[in-house]
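So that you can tell them apart, the chains are marked A, B, C, D and E in the order they are listed, and the count of residues begins at 1 in each.
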Amino acid sequence: MFQAIDQIFVNLLRGFLGHLPEPIRPWAGLVISLGAILGTFGLLFGLTTVCERKAIARMQNRLGPNRVGPYGFLQFIADGIKSLTKEDIVPRSADKVVHFIAPLALLVPVVLTYLVLPFGRNMVVLDLDAGLLFYFAAGASTELAVFMAGWSSRNKYSLLGAMRAIAQMLSYELPFILSTIGVVMVTGSLSTVRIVEAQGPGDGWLAHWNVFTPWGFAAFFLFLIAAFAEANRSPFDLPEGESEIVAGYFLEYSGFKFALFFMAEYLGMFSSSALAVTLFLGGWTAPVSFLGFVPSWLWFFLKLGVLMALFIWVRGTTPRLRMDQLMDFAWKFMLPLALFLIPVVVLWDRVGRGWVGWVLCGPIVAAAYVWLGRALVGRRRIQLRTYRYASG
Amino acid sequence: MSPMIYFLSGVTLASAVAAMTLRNPVHCALALVVTFTGLAGIYLGLGAQFLGLAQVVVYVGAVAILLLFVLLVTRSGEAGDGDRERDRVAERSWWGWLIALLVGAVLAVGAWSAGQLPQRAAPPELPGVRDIGEALMTDFAMPLQVVGLLLTAAMIGGAIIALREDRMRVAAEREGRR
Amino acid sequence: METPQQIRDRIVGAVAGLQVECLPNGAPAGVPSLLVGRSCFREVAIFLRDDPQLRLDYCSNVTGVDWPERTEKFKVRRQVGEVEKDVEESRVIPGCLEVVYHLYSMSLKHGPLVIRVRTGDRSADVSVPSLTPVWRACELQEREVFDLFGVHFDGHPDLRRILMWDGFVDHPMRRDYVEPDDYDYEPTPHDHVLDRALARAKPGEAGCGSGAR
Amino acid sequence: MMVTQRSSDEWDRPAPVAGSYAFVVGDDPEDPGSLLEVSMGPQHPSTHGVFRMDVVLDGETVVKLKPVFGYLHRNHEKIAENISYLGSMPYTDRLDYFCSLTNNWAYALAVEKLAGISVPERAEYLRVILSELTRLQNHVCLAGFLAQDMGASGTPLMYGFREREKILDLFESLTGARMMCNYMRFGGCRCDTPPGWLDEARAVVDSFPRFLHEFENLLSSNEILMSRTQGIGVLGKDLAVGAGITGPCLRAAGVDYDIRKVDGYGIYPRFQFRVPLGEHGDTYDRYMMRILEMHESLGILKQALDGIPEGPIIDPKAKLRGFRPKAGESYGRIEAPKGELGFYLISDGSPSPYRYRVRPPSLVNLTVLEDLCVGHNVADTVIILGSIDIVLGEVDR
Amino acid sequence: MLGSGIIKGLAETGRNFVGSYFDPERMTTVEYPEQRLAPKENTRQFPFLVFDGEAALAGLRCVACQICEKECPPQCIYIEKSREKKPDHLGKPQFHPAIFDIDISVCMSCQICVEVCPFDAIKMDTEFELSTSDRFGGLLMHKDLLARPNSHFLKVHPTDAGVIDARRAEERARLEAKARLDSEAKAKEAPPAA
């Protein structure tokens, strides 16, 4: 029974494909899966925009959208219709072909990343041996699209935004990738499915999520921060910093193309959160074995939702960093810490992954964090100040 | 699989031609990106997962971006300057033809001789990522370390050069201000 | 702080031949002001800033006042024929532009001292020495006086119009300024944009040219 | 860097030395194409109105910055010289539209000095209460906008606006309008407080520290805010004094000069309050000056609300219609939330002023904008501008 | 430690998020077209002309003295006097406005016309939903649009209107008393003459 619910989507697809002739089965499976992914995450994108607006509004003591549909939850449909019917303006001096291709070039690699993410037990489109590598390869090509958008608009703000975006994405790619190395080392595989399976409860009752290790905890946050930066989310939303360079690389986009950028940003955010779930939060596995009756895909989306809430919460709180500080943070704090975690993983693996590992590795990671943090902040002498008052 | 290979080869070749002939350097670079991607697709189609994905990560994700950066940073003007430049290059185009001819000849000879060689049996299974990783960590551990060290040294050297220039400029600016 | 009269006496006593005059102020709580000659204006300003007793290091307010030429009527007792009676006479007071500075001291916390300087007339001889080299605070305010009154400040580092646009011709704060009846035909910095738009829309084609038809 | 000058010889009055200017970028033969000119504004999200900065950038570093004014110019002074003294009062509301009550007070002060009008006790207390409330709402908005300029997606701004709303409600129930209060008159105030108003004000003042605490939790110790503002846009003491900077920006530079203390206008000498001083003169100090000043303002408000006496609200001798002060001149200045706001009036005995001049703190504080911004990033210019706290209604008048 | 300030900030926004559901003091927003804040008594939007009695144009208190026209800072009032006089509430013959226009698009709600009016004839309304589809004509209010009964004045500014009504009633009473005294005196004087 539980099994049937858990595997409902897999069986549906298999049953449908059974009716098709043999040669086109893999292709049809790919197309149907892609369609399902786009549909699910498209809907999720719409709902997330509404939830984000409502949550941030509540954080700011406002009401947020509440007019369209029940509690305003259909607002995204109205927004979608609006952006579809808006005039598509292309600046006269823009490079029209590149300007047209850029949003698509941004969306396609983002969608490709979904191919290797396991959304549930047996629910992965391509179970590649080099799944993680595939993910990073697809993610690496988004920079190009951002460049195309910024350059082709022929707007100084766009160009500045594109330059910022590329510099930022390149810099954060390193900690993004390096923070996952520990997981790969411990699991011994680049396949996302293997990684998730390795984190399951196995024979015991408690799951072995990577986040519940000293290095995994640190790597999880490094990964998450890098994911914030990769997705251009506050506090790393410099490429589109509206108070400085107005809207950055998609300044000259309007109508549906703008919506595509918006969608690509959110899909990118989902996919990097999903990867974080896969690598550190045990993917579709339940935290404890007796909760295993809950469908695996539900676990996955639950964890995804928690991470999305974190994204929204941080966005509602923090101001934006400056470019050089952003770079400093990537190169002087995150990269050294990510590199430092690699030997720690080796140590963790050698001393037996138990409480000994915790006693040994925990303080080392904490010390590295404190020391690097102090080095980053201390050089700029950033501190709270006390003030004097005029006498008399 | 083979129609896919032909399609990808066609795209790769066409974009390679475009990369050479387009007038706008940024367009050339973007066409080059398509070439890289097509190449990666061919690798993947041939079952070389690691190579294909590494091609995308390295060439599309890094080299192409580097090219574009270089183009933007060094190029001074728009088309006006470029035309004169192109004329100057066109005068010496025979060099290019010569090199192209040589490369083509070598490739032709290679292809012809490959047909002459006795067919070796294909390996029972294509090496996967795991095999590559194991090979790198066991048999080729030393070369990997040396290459890593070399690249690190190069990176540090590059950083130092950039840093020095920057410092010199700051110092010059300070002088100027005084 | 000393009274303006005392300051005036001290300035004149320190350097002979400076033209400094103390002007009365009719307001109940008003302080008199010092009218300084143009030739020695900057010297006086530097003296006021650097004098250890005054230390007027803060120039709060700079503004212009327009005094158009006016006829003053007054009565004089004159011998007309045999009787002595009041005769109404008039005198023409030449117009000038005046620049007023309000000075305070931040270090000694006193003030204000009002100093003013006048141009020769309102059309040709309209320059006065700029005090921006003395107090940076005058920079934008002197630009404003230049823009709105047409006083020319010698030695100002960046004398441009500030509030009106560059192609604007008149000085709107002058008392004889007549505003144009139709603002649409004021020259604007965007004229060339309009010209280009008109040139593009050739007569006969669709566009602004044929819109009227 | 080259600056071209356009000669303008169509002037019938003396031609200015410098005409229009325009940056010509990329003409540096040694470094072709390295500079980028960006015109920030007048329609830029964070120039706080229709303000424009012509910025020359080397990469993202500001090499040169020229502020361009006048997009909101309406010649307030000329209008005032053509209407009665009373008629200018509602126009002063529109100068710094955040702080209409302090504008009212400065103008009333200048006219009272010009005509020698005294103000009754209760009106003086009300003026202090209103101007300190104005200071509170100006400073919370400033801090919110500053965080907004740093990209804080509106949260601090909304907290600020939430508190401002309560203060604006107070203004509305007393003066009839939320922003354009037009409340003060020569010799007092327009009307007495409605019943219960003082208690409402007390409630707002009492609940304000909770908000301040919340705000400080959110921002003042935030590492991102600190690293964005500390050491950015440092304003030296000498430059600040010489350039006539006033208000919190001046005190952030460490100069002890608060007109409430120096001039002691109104009944400020009766209240106990301290003047906070900064040490570094950077953006963080300017931000913190506002936070600390809000604490002091709350102290003044408590004292004033406790001490306010009963009595008349306006001097009976002050005339509303047909007001003609004797010939003379006066300069009235107050410590407005943004700095020294002064009104300079010359009367020639007619019903409208002969010369009417506003000394706008926002405009004069912009004198040092270029000095503060050169060498910093584009992102910093935005927050430096935000920390100077300008309102274009006052800059352009 | 690095990050503690941000965590503090996150706690604060989190508290506001939760608090916005429970603490009404945090939510100052009002959903405007459905919910409305009651206007404060002193609130002023745009002027209206007060009339007594039932007939709007006949009962206007305005005597076309044009003081408000002169004092209005943006000069948005235009008045033309009537030719003939008619008695006001005290029976004194007064002019009345033949034309009384206020350009709402120019008016800046400063209330100076109200302050200078010696006849309590012009007052500030609290109505603010004045949008029209005609930018020019629709915002020019003629006197028939501007006229509001005294009961409306009593509704929007009860304190102010109460004081004024009391004063006017007192004036009228005094006048009536005086008239009665006069007529009585006349009556007293009359018989001996007869």
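What to note about this one:
Convention: contacts are C-beta pairs under 8 Å (C-beta built on N, C-alpha and C of every residue); 3 or more make two chains touch, one makes a residue touch a chain.
Predicted model, so just to flag it, every value in this text is computed and none were measured.
Counting only chains that touch, the fewest steps needed to get from chain A to chain C is 2. Within the contact network of the assembly, the step distance from chain A to chain D comes to 1. Once chain D is removed from consideration, the other chains connect through touching into the groups A, B, E | C.
Contact tally for A-B versus C-D: the pair with more C-beta pairs in contact is C-D.
Chain D has its Cα centroid nearest to the centroid of all protein Cα atoms in the structure. In this assembly, the chain whose C-alpha centre lies farthest from chain B is E. Between chain C and chain D the centroid-to-centroid distance comes to 24 Å (mean Cα coordinates, whole Å).
Chain C and chain E have Cα centroids lying 43 Å from one another. Separating the centre of chain B from that of chain C, both taken as means of CA atoms, is a distance of 68 Å.
In whole angstrom, the spacing between the mean C-alpha positions of chain D and chain E is 32.
In chain D, the positions touching at least two other chains are 155, 159, 162, 218-219, 221-226. Residue positions of chain C in touch with at least two other chains are not found.
Within chain E, the positions touching two or more other chains are listed as 2-3, 6, 9, 12-13, 16, 26, 28. Within the complex, the chain D residues that touch chain E are 83-84, 86-91, 93-94, 155, 159, 162, 165-166, 169, 172-177, 180, 182, 190-191, 194, 207, 214, 217-219, 221-226, 320-321. Within the complex formed with chain B, the chain A residues making contact are 95, 98, 128-130, 133-134, 136-138, 140-141, 143-144, 147-148, 151, 163, 166, 170, 173, 189-190.
Interface residues of chain D facing chain A in the complex, by the touch rule stated above, are 36, 38, 44-46, 60, 147-155, 158-159, 162, 218-228, 230-231, 256, 258, 261, 274-280, 284-285, 288, 292, 377-380, 382. Taken in their complex, chain A has these residues touching chain E: 55, 58-63, 66, 313-314, 316-318, 333, 369-370, 373-374, 376-377. Across the complex, chain D is touched by residues 2-6, 8-9, 11-13, 16, 25-26, 28, 40-44, 67, 71-73, 108-112, 115-116, 124, 159 of chain E.
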